[in-house]
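We call the chains A, B and C, going by the order they appear; numbering starts again at 1 in every chain.
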Amino acid sequence: MTVSTAQRQLTPADAGQRMYALIEELYPICRSITGNGLRETLRRLQTHVPLQIHEVPSGAEVFDWVVPREWNIRDAYVKNSRGQRVIDFRKHNLHVVNYSVPYRGKVSLEELKSHLHTLPEHPDWIPYRTSYYKDSWGFCITHKQRQQLADDEYEVCIDSTLEAGSLSYGEFFLPGESSDEVLIACHVCHPSLANDNLSGVTLATFLAKHLQETRQRLSYRFLFIPGTIGAITWLSLNEQRIASIRHGLVLAGVGDRGPLTYKRSRQGLAEIDRAAAHVLKHSGKKHDLIDFSPYGYDERQFCSPGINLPVGRFSRSQHGTFPEYHTSADNLDFVRPESLAESFEICASILSVLEENATYLNLNPKCEPQLGRRGLYRAIGGPADSGVSEMALLWVLNLSDGSHSLLEIAERSGMRFAALRQAAKVLVEHDLLKECLG
Amino acid sequence: MTVSTAQRQLTPADAGQRMYALIEELYPICRSITGNGLRETLRRLQTHVPLQIHEVPSGAEVFDWVVPREWNIRDAYVKNSRGQRVIDFRKHNLHVVNYSVPYRGKVSLEELKSHLHTLPEHPDWIPYRTSYYKDSWGFCITHKQRQQLADDEYEVCIDSTLEAGSLSYGEFFLPGESSDEVLIACHVCHPSLANDNLSGVTLATFLAKHLQETRQRLSYRFLFIPGTIGAITWLSLNEQRIASIRHGLVLAGVGDRGPLTYKRSRQGLAEIDRAAAHVLKHSGKKHDLIDFSPYGYDERQFCSPGINLPVGRFSRSQHGTFPEYHTSADNLDFVRPESLAESFEICASILSVLEENATYLNLNPKCEPQLGRRGLYRAIGGPADSGVSEMALLWVLNLSDGSHSLLEIAERSGMRFAALRQAAKVLVEHDLLKECLG
Amino acid sequence: MTVSTAQRQLTPADAGQRMYALIEELYPICRSITGNGLRETLRRLQTHVPLQIHEVPSGAEVFDWVVPREWNIRDAYVKNSRGQRVIDFRKHNLHVVNYSVPYRGKVSLEELKSHLHTLPEHPDWIPYRTSYYKDSWGFCITHKQRQQLADDEYEVCIDSTLEAGSLSYGEFFLPGESSDEVLIACHVCHPSLANDNLSGVTLATFLAKHLQETRQRLSYRFLFIPGTIGAITWLSLNEQRIASIRHGLVLAGVGDRGPLTYKRSRQGLAEIDRAAAHVLKHSGKKHDLIDFSPYGYDERQFCSPGINLPVGRFSRSQHGTFPEYHTSADNLDFVRPESLAESFEICASILSVLEENATYLNLNPKCEPQLGRRGLYRAIGGPADSGVSEMALLWVLNLSDGSHSLLEIAERSGMRFAALRQAAKVLVEHDLLKECLG
């Protein structure tokens, strides 16, 4: 499965290296579902893709939800009675529970412990925790750190603000020949977690760059949004756009070494589901196809019953199935340029199938046309030279009765989409086939 | 899979013990498809459940059949020339071919043998034979008995009557909130065979007792009928009731040690078929699901093409697949209280699914509702506490678009019906869901 | 699966022997897609079946194709400078590329080689090559022959004609009670290749003889046609007949030792597809069922999208999958009378299913009819005598609601078609069933 011509300028290997470099750049920023870290991240993405940054004010009602107050944090620490920072936000921004309310005070070890989160089974890792919708504060530390805390009086400081502000998200629309849209969405709200989801953010960025380099048939809409509340906000503010979305992909966790994974949309047999299955099947790479379930990332919102868009999810290892998930071990070592390159190549191929899929009508449907006199068939009877392209011609002719798309012909024949696409092109040139429009 | 609250008064283990005791009580009675043994059995069941005993006169035309003359038997024997009873009905009521015509006479050994039935492969067992629709007489004995018969003149006596009378059956109707009915039928015509079908008779009896203890949504109709002719008679006399029957179970052979077995209705995908499959799948017990075939017990009549009710059959070992079938070895040792208890529990669970299955409409279908502010979702992001009930909430919300029942959501999600039922209840309480009626 | 009564006159073993003898007779003739060899072959078939020989003039337009000039050949050779025939058409008619244009001239070894075809991997075999639609000439020889050719000046002679004439094909129509037709087609254009397709030609011939011996319900049309152009020609000239064709079989390569193979029609679930699957499944013989693909023999034309007839293909080893394919090794040793006999038996059985398949209506659909009083059921209850025919009666009664054919009942029940057919016959005789017409 090769990616279309535009990619000559951006090979998968190049893309993988550049995506990794961008992950390195964004990794230190402390993001959340609102605030300056998120805003700063979107601004840096603008140096790659001309995305528009939207701000939705706190308090805005979005379906059943309300846009929360904006959270920003300058510093956070716990000092022992000798004034030493035993927990220090400046060392790792996972140390503070995301969305912790401002707090200053002295607490006993016992009280402190009720605000600490650790991972006993991975004593060197810091967990990632959030408290978006409940006013509370807390720290996340390694289990070893916790075990070293002596009985003492501790000074706690969470120098955060939680105030009226806005929720930021990025949007990039790439118009194509058709108003039919492909939606590509990624959550951009997590702090220093490399795979979840700087990998998805950079994959979306480089797919956008890739598509920009050549004119496309379909229009593309890229969303860089905070998880859950961002998807809900966008859908709530853009209900009239939903009808134009023909296909969609949520990109999340695409940089680790795990198998390529496609999670089907709620519809299950949508064109995106079939395109992804086709590309993965012919990729020769280890992969998993999994059914929709109402858990995971923002496919939960795009596939809610009142929205029900044909939006699947592309990932590598599935969230929650590997120990590094939502811990400090999801770091720059956990993602690999080669994995990112592979994810880029597969997604570009899936989009290429969507771009090029079409349904045709055989203009000579009664018996086969004489391919030989058109130079499309071997002249001397005998074993086929290669057989491949002749078989593609025959399959396209046989099933182009107006009710089978090229992708469906690929499924039935077991042949690669690209070979059938090439056959259809040649047959159109010879006036043996025409595209069914509408 | 737990049975509903009503069962607290009647645990499966209790039910199993009490069913076994009732089997012991009924075992010695010589039943047939008509007659006093059948009538006496129904009367004893009345001490457990207020069933009504119907009498349909001999000669009544019921579809293609005619209710036969009533058969009763006082005694039957074969005496040798020394006046010794070498075959004695008083020792085992399987010794006489059921529905044997009255006969008295002297016969040679050779002639006698033409009226004897044995099981050479199980020389200590007595076979069970009937001759309902052909006037004849005969005896069933062990093969060993037969081998000991000397050349002699034998006196044969079958002190039976075959006269105009009536066919008896028992019916118990338990009205529910809805006029939609569940039909539960068992054949009650066999003489001293414990599993086939005193086990089914007692299971029906105790399910009726169990359902009586609490008000149900559905109505229940229990039929205690002679096999084949009883089902045909009831259907013929109650054609106008057929339209109310929404689900049904035939209970037969439910007390042996074999795997739990559900045989699908002719419809194959009826709600009863899916409910039974769901309960068995999640039971953790050895079980078989088998397709409909037009052989077996009274599902043959309920699933005939002109009736075609969604009636499946619940059994343990399948009839005809074990050597004890239709022999004296189907005795009180062949059925176990534990097996009866398990059958009771599974059937009660199946009925509970039918009772509680419903289709809902998500009242907040665009994106997920904010479960957190309703106290339905963990507050601090991180690994799910248990995940189970949250997943149930999400599945019910996602698929409650008016076209998926809870049972269908259970099938698609792989979750237990009870968990989804609980989630639906909570969501209704929070005005996030409403039941689709009609 | 037994073949119908008519076959008593023609057992499969007889048919196999006689088919083999006919292959021996036809093998030496040099056939092509037009010309006297083809014509002579059809004339010899007329001694077995009264087929009509049609002649379609060169230049006739048939759909996208044109009937080619007629090709005939008297002699062909290559002589060395000593006047010895080093390649001699008289020794094997595969030696000349079929449809070679007339040629006489002297050529160097190098030039000669550009006109030679060999099989290096099988140095003793002669390949079979054609050049129907490109004016060229050539010879096919063993690879050993080629290696022995010395540097020399060679005299080439191809004493062929390629002139306006006609394309010949044979057609035999056997009218039945119904105007619904079964189409049986075989390609008859190949020169000395025994399996491909004298085996198919003789199988078609003997099936025609077999069907002639008794009156059939369906009408049968046998086509003995040159491959591709013959099918296209017939379809083009007989478009108005297409609507009458209900089922069809292409017969090709049916005499080798390989497994029985049925290739489904493009429709995939047509009655012929199901009949063939049923017969093969119950045959107890090694077999393959393969999906339609637009490659192979004339099913390509019959299953083109604008024709789309329910025509499958019956073969043994699949073309192109065995080394002897299209070589001189496809000779009289490659086909066996036993294989031909088996193919005959299977095809006759498939046709028998098509003949006898019907949909019935149970005239007593409410509960089972009382089979016992009609002598159709064992009188004394107990283990079934054989069970088989009773089960067939019960299945036919249960599913004869006007929407299941006997073949569909066979599929659902797992029983043999013949047993169900017999049951239906008996039930019709007892006024319990009637055929649904139309």
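Simple rule for what comes next: a residue touches a chain if its C-beta (ideal position, glycine included) is under 8 Å from a C-beta of that chain, and two chains touch if they have at least 3 such contacts.
What you see is a predicted model, and the numbers here were worked out from it, not measured in a lab.
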Remaining touching clusters (ignoring subunit A, no chains moved): one piece
Size of the rotation, in steps of 5 degrees, that lays the CA trace of subunit A over subunit C: 120
Gap in Å, rounded to a whole number, between the CA centres of subunit C and subunit B: 54
Junction residues of subunit C - those touching two or more other chains: none
Residue numbers on subunit C that touch subunit B, as the complex places them: 362, 364-370, 372-373, 379-383, 391, 394-395, 397-401, 413
Sites on subunit C touched by subunit A in the complex: 63-65, 97-98, 117, 127-134, 136, 138, 228, 231-232, 235-236, 239, 266, 293-295, 300-301, 303-308, 320, 326
